[in-house]
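Okay, so chain A shows up in both of these, paired with chain B first and chain C after.
So, the complex of A and B:
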């Protein structure tokens, strides 16, 4: 079981990891987008950490919703609404809970990814963050919740494969779509940032 | 980087304050947000809100006033405003008749405005949206997110704003905005790039003898780069693409020659001289021409041409009174 204090700790670790990878993510974005993904994500998660003390005592649903609100109002671009919606929807499925287990985590992930699909109107194979998210969710469901370690590892492995897959396909969503075939060979920054987040969660477990 | 600013992170804030201090009779800042709203709110009519990244002045804050926008939301330079800011704007201007959002077609802009609309609907505010995608330089196929919204957006502000001023319903204002979107086409070029203050270096490089054809309003790549040509040849090239995209033959059109921020007005008139001649040759009737800076890209040097095909309704609305800091028809 993971309690609210642990979730707060995890969010700090995610923020650190995003900050470490900010330049890398921005460079990926420079190749096929508008070169701000890392900068924007780092700014958003920095603000999350700043504001966490105000909600740290609340239930996990409220914490995740607050994270979503902060990301939406600080990240900007397309990533702000996408990650913001993901966290808000994720918070919705664990409202009132002070502790969550592996089953809850799968529900959180499913709701969050559903939020990204709703907001971004994208499908698998369009070179977006969904190309890491959807395979990761499928792999974790397949692995089952009996062994949390194995479940998380399966998710990270699938997300990484998803990032590799984005190198092979043409972008049809987002600003990279104007590049057409020139987007091939480049990995998607959003799929990469999601993988960084999932990896951080798996490492912390 | 050489700019007349105080601090990189204060540019947007001080631009908004400066605008409101210059034109208090037109625009007022909404609290401490980056939203400017019409100083004299008019009740009972559909309220129009638009916005986008900063750096496009006079868009969008300069178009707030009678006969155009009721509010404009400014994001960071070249970055979409966030939903909470747009939501504050919607709340400030909403009327019983509803709110129409005029969005330029960029993934981030569309998502942020749609989220704001969701928040507003949760509070019982009627909100509709239109998305402008007038740039013929980029492919509007199924395999992209569609064309970019550029200078043609100003025609949407003008005409939908005039319609709203008549007291028309939200559905009717939206319909006329969509009519403008369906009938407006634009294309742009640049000979010198611009520098986003926070980035400190130009977004792209162009050789002294080069130009970028089909460039976006944030300096995004266009169709191609080539050796600089004479103005008339550049005009021929842009018009060819615009005229091939929509049949303007024997129609009345409104023409907008838009400077990108650092183009002398002299050169814009040189451009228009040939635009008018070519259109006359092709049997396209120029009803009204606008030459100036309407949708800039910081200090980018270049111009765009927009053509709007007019019917009687659009002509009447184009001619209706607009009194804003950046656009006047009196």
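So, the complex of A and C:
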């Protein structure tokens, strides 16, 4: 599916996409949160790109772990420890690998999402990034790894549906939970940023 | 002496809690870890890590957080440190900090101070 050099390239593309969407993500967060998601994510991934040359020759596990550590240190909001833990856990399942296939990618995703659940102690249906992550993972597992294109497309479609679903529910986790019913009608910024990232991965394939 | 670290999204809030505790606890190591490295709103892994290291005199450190990412980022600092004398305290920030500071100043050990600070959750401000 991909090798370490392509992963580095992909991280740059993710950084660009997050940067393009920074204002949109921050606007989403302004409606139900603390107005920093886009700015925070853009700052984190900008630093990732700056520091990538130092690890570009290393294995994919080491690269992903480094990304996680950078995000924890630079993002500043809740998405820092959440995405940071996700990348660190993801790196853990591909330690030493210079190349990965679609099965590895599913393992990366599963470990990363498990990290988000562990750190955030959230479940499906609480209006968080998990509402895009968990359906995307399920859809990709169901699609299977024989056809990587179809697998990625299924994941993106499910993530987008998950984002739409977050508009219909009340937030019960994070700062948005204080808003109660006023959070209905707004899509979750974290679910949206995950979908942007997954879409970038699917487009790059 | 037990050290205390105040973690907040706001640099001003963290420093304010430290200032308030100092009135009653002149000698303990108590550190503020508020805001991002540039002073903006958020929580900083590096700031928390640095504050814990400064507050650790060998008798343990208690970390009190405001909410959300302050808790999650502190968890990651603890996992990275691997020091079993450093603990998070689940309590109201101001009340818990004041209680912890006074007891730490009195020489109580880290787990006892932690338990007392956590009991601050139950204290009512207005008696009914």
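In this text, the second predicted complex is superposed on the first by the 205 of 205 C-alpha atoms of A that agree within 3 Å, B and C clash if a C-alpha of one lies under 4 Å from a C-alpha of the other, contacts with A are read in each partner's own complex, and residues count from 1 in each chain.
Please note the rule applied: a residue touches a chain if its C-beta (ideal position, glycine included) is under 8 Å from a C-beta of that chain, and two chains touch if they have at least 3 such contacts.
Nothing here was measured: the structure is a model prediction, and the numbers come from that model.
Following the overlay on chain A, a clash is recorded for the pair chain B and chain C. Here chain B and chain C are compared by how many residues of chain A each touches, and B touches more. Touch criterion met: A:177 reaches chain B, while chain C stays clear of it. Residue contacts after overlaying the shared chain place A:185 against neither chain B nor chain C.
Residue overlap on chain A between its contacts with chain B in one complex and with chain C in the other: 34, 36, 72-73, 75-78, 80-82, 84-85, 119-120, 174-175. Of all residues in chain A, those touching chain B in their complex are 34, 36, 72-78, 80-82, 84-85, 119-120, 170, 172-175, 177-178, 180.
Within the complex formed with chain C, the chain A residues making contact are 34, 36, 40, 72-73, 75-82, 84-85, 119-120, 174-175.
Put simply, chain C touches chain A in their complex at residues 36, 40-46, 67-69, 72-73, 75-76.
Looking at the complex, you find that chain B touches chain A at residues 75-76, 78-85, 106-108, 111-112, 114-115, 138-139, 142-145, 218, 220-221.
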